[in-house]
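When the chains are written out, they are named A, B, C and D in that same order, and each has its own residue count from 1.
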Amino acid sequence: MTESNKPNLSVRLGEINLKNPIVMCSGTFANGLEYSNFYDISELGAITTKSYSLKCKDGNKPPRIWETACGVLNSIGLQNDGIESFINDHLPKIKDMNADIILSLFGESCEEFRELALAVKKIKTNILAVELNLSCPNVEKGGMIFCSMPEVVEKITISVKEILNIPVIVKLSPNTGDTIMIESAKRAKNGGAEAISLINTLVGTAVDIENIKPRLGNVLGGLSGPAIKPIALAKVYTLSNENILPMIGMGGICTWNDAVEFLLMGANAIGIGTANFVEYCVGLKIIKGVSDYLESKDIDDVNKIIGKLSNKQIIK
Amino acid sequence: MTESNKPNLSVRLGEINLKNPIVMCSGTFANGLEYSNFYDISELGAITTKSYSLKCKDGNKPPRIWETACGVLNSIGLQNDGIESFINDHLPKIKDMNADIILSLFGESCEEFRELALAVKKIKTNILAVELNLSCPNVEKGGMIFCSMPEVVEKITISVKEILNIPVIVKLSPNTGDTIMIESAKRAKNGGAEAISLINTLVGTAVDIENIKPRLGNVLGGLSGPAIKPIALAKVYTLSNENILPMIGMGGICTWNDAVEFLLMGANAIGIGTANFVEYCVGLKIIKGVSDYLESKDIDDVNKIIGKLSNKQIIK
Amino acid sequence: MKLLKEEILNNEKYGENLYKMEIFSPYICRNAGAGQFISVKCSREKIFDPMLRRPFSIYDIEKEFNVFSILYLVKGRGTYLLSLLKKGDTVDFIGPLGNPIAFNMNSNDYLLIGGGIGIAPLYLITKVLTSEKKNVLFIAGFKNSNFAGIEKDLLKTKAYYKIFTEDGSYGNSGLATDFIKENINKYNKYQFYCCGPVDMLKALQEIFLGKKISATAIVEQRMACGIGACMGCAIGIKNEDGEIIYKRVCKDGPSFNIMEVIFD
Amino acid sequence: MKLLKEEILNNEKYGENLYKMEIFSPYICRNAGAGQFISVKCSREKIFDPMLRRPFSIYDIEKEFNVFSILYLVKGRGTYLLSLLKKGDTVDFIGPLGNPIAFNMNSNDYLLIGGGIGIAPLYLITKVLTSEKKNVLFIAGFKNSNFAGIEKDLLKTKAYYKIFTEDGSYGNSGLATDFIKENINKYNKYQFYCCGPVDMLKALQEIFLGKKISATAIVEQRMACGIGACMGCAIGIKNEDGEIIYKRVCKDGPSFNIMEVIFD
């Protein structure tokens, strides 16, 4: 144990250093402002911003939310103000809150990702990493389509890395089969990515049988929440066994117990998404829970449990 | 409305005629014996048997069940007595109960499916269809691997069709991407299949963090139950839009409302799995619920709602 | 806006599937305004179904007792679980959410139109306006007599009111919107506040179209976070240039100029 | 075996996280035998979390009152929800499940060994045997004094009993299995019935190994259907040829010859 007798929580994902492995997922934490009403968000390992595109995006036709058994379907469609607005209006506010930032980017083409990277290059303040959202199921162009084409994953990663010397995380989808997921992760590595975020939402839908119409304006949406946790955990385990890149594991994490499951199965850090909508302080609670768990097991460093149940080569 | 003023519930999936679209899923209803304690199972559209293999199978190491949020992970591993035992011991009993039977088959190779078909050929009594389980995530050989290889789906279907002149249903997995799912369905059709069953379980896992070990003896299992309903419904909708083959839609159906959602999204019949473990009479309840729903909407034939929300060419 | 766990003082049946829940909460009573809402966790601890919180308008605030209330209809599993709660149980909610209504106090005459459970936010508006000695006419439209219970609350205020039921089983027979349509010229100087089902709000848009009427609609949309973070509760709003932009009901609303809202 | 919805007469706290639930049910009282269990739906109607039923041994049957009971520990969300139920509430369960114990009534002496909540099925066994005038010695092992409440039930029977606690806070100090180990030769003509945590049952296997002891273990396994349909509750059983085959705890068990069970 460290001096303070608290276990070490800091983790490294390649070049990315996190003070603890608790990260907020893209799209579920906005830019943190709303949540700073509830706690000091600088205590989090990192917050991932909403995915920003080159131009502002209107998003999909409402309704955009439908709740299913222990899950949430959303079809937001990446509504955002555009990268310039992020840099000029939002970023200074996040910096005021001292939060560590992962900036999520979304483009409809390789070219657009390149332009996004050029915009990001202008940022003077420190950003932990950029996350390339190649897995959104709620947009027609780009998104999920990219990560079903491993060669495109590599191309996009390269074009961003050529411009930025910030670490790059590639966010993958659970909607492709495992073979493609593994291949995409390899290509992301070839392209120079530092880490993988896994998983984005699963494609799902629901119907209003009374009015005989889909529950979502967009018909299909992305499923998140506790319902998908077993699936997400299996994806993390499967990719962890391949030993390609460090991972931020996410999907249905609501409690510190869930977080520990992901760490044991090979996630180097964990992401909290939908749970933020219900328990506004869940991030803090999970940091404390993981720390207490380690203490109760007499483990002085969170890195000692990462990948313990997978065939991962543990990074010391 | 018919004379009795009750809506018509009978449906056709190619050559397969069902008196109503409510089918029990393979592996969740055994051979019906246990459930005949609760109601007359001959009222069901059909019961699908446990998947039978050529030789008896021991199944996977326990524990085999873990409950997740609104879902169930299982890793049974197709424990069964073998096809001969089915034909000699179980089939006569099912026939005594007057149930309409879909016989589920599982083989580890094309050759094994052929041998299974030869065994089935000897059956004298009437069987509605055989269902080829090409999508079990709980076995090392065969299973899910098959339906990630569309050409193998075709080969297996052909080899069974060459021997049997019973209609063939091919059961597909949600664990491959949609492209492969669609391709597999096309190949199943080429091979002579009459219908598709969709979906088998999703690969998932869970961890006992207290004892730092997986919850399932087999580590990975298959996720079923309400948690997966939105995913299953999206798969059915997606495949329905392709207009390849009629479908039995399944995954998380627990109530008649769920069943109607699947019918509207393009399932020609629906399968009930995990719900049988909790509400032993759920099959009957859903038949009645669907019928009452149609009546309340003044619809005289269930076929009129099938595929209403998909781009399906409705089969009259 | 605060996350609170407070005691239920009463969970009274007002009609079939209709309940009024009274909650002790000095914080809400001090900080909430008319038109705001709370978002309630309906499932038990450790249980994630249903997971999302459920939004309910603040129906009434009784500052002197530190008690506020919500009026709710049992629709699905969330409200069903709420209806099982008893006096003395604790309820986990966040509030106040959304914007309080910015009343135009220059006006003297107000017309409130509520349809079904849409009357919920209008009651507190009535109380605020009547306490400011404004002339308030409250028009409520229901399917049947199930909402009769709210009359006892309306009687406590100085508002004029008229209740319509479609089946004529209570109050006046007919549609509230028909009454408005017929009498719109009488009331075109009034400030309107409207809340109810989409069909009613659309009908009102049509009635108001082309007239110089100042009308606010309090709208609903399915929500995830309730605090402006997820973009889930988007509703189409026509801006000055006629462009449609998506605003958040939870953070930008729930009240909007009725003529600017796109109901699909 | 029947699906039942019956009234709860009592849901009494027996210790920390330990409850005894008494249920009115003529059907169970008439049809259930020692060693059988019921499977309970713990979630509310319409709510699917938790979805699966939870198995509990029949702890006691009081035929004259048509009342039976279960003794349960709160472990996760299912048992937590059960503990919230009150007298007068209804409980949805199926039973009796599994096989009643086929007692070898030729014997006169019986030794029951229970560890923790594993004592649950042993109490009814005790009652059946003592009512047949058999000599019953009940050895119970617990971590601490939390289970002290069961002594009042044991006192109602004619059984001899010895309670061990690991921390010595109640009864004798030490492990029940140590007592058995030391005294095994005294009891090797007894019929044994054992139920408890896997570690205890493994220790007993070791103690019994090579001795001609007739011992039955009542085992647990996670279940899905509870009625023999899903193959979920498999447990490895060594058959005569030394082969391991999987049997269903719900339909083939829950009692097995302890020496044949594979505990992993």
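General observations
The working rule: contacts are C-beta pairs under 8 Å (C-beta built on N, C-alpha and C of every residue); 3 or more make two chains touch, one makes a residue touch a chain.
Since we're looking at a predicted model, the values are computed, not measured.
Under the touch definition stated at the top, chain B and chain C share these contacting partners: A, D.
Our note on geometry: chain C versus chain D, Cα centroid distance of 54 Å, whole angstroms.
Chain A and chain B, compared by their mean Cα positions, are separated by 34 Å. Averaging Cα coordinates per chain places chain A and chain D 46 Å apart.
Residue positions of chain C touching 2 or more other chains, listed in rising order: 48-50. Of all residues in chain A, those that touch two or more other chains are 69-71, 225-226. Because contacts link each chain to all the remaining chains, their graph is best described as complete. Residues 27-30, 34-35, 37-38, 50, 58-59, 61-67, 69-72, 74, 76, 79, 217, 225-226, 254, 274, 276-278, 280-281 of chain B are the ones touching chain D in the complex.
Touching chain C in their complex are the following residues of chain B: 69-70. Of all the residues in chain A, the ones that touch chain B in their complex are 68-71, 73, 148, 175-180, 202-207, 209, 212-214, 219-221, 223, 225-231, 233-234, 237-238, 252, 257, 260-261, 264-265, 293, 305, 308-309. Listed in rising order, the residues of chain C touching chain B in the complex are 48-49.
By the touch criterion stated above, chain C contacts chain D in their complex at residues 43-44, 46-50, 76-77, 80-81, 84.
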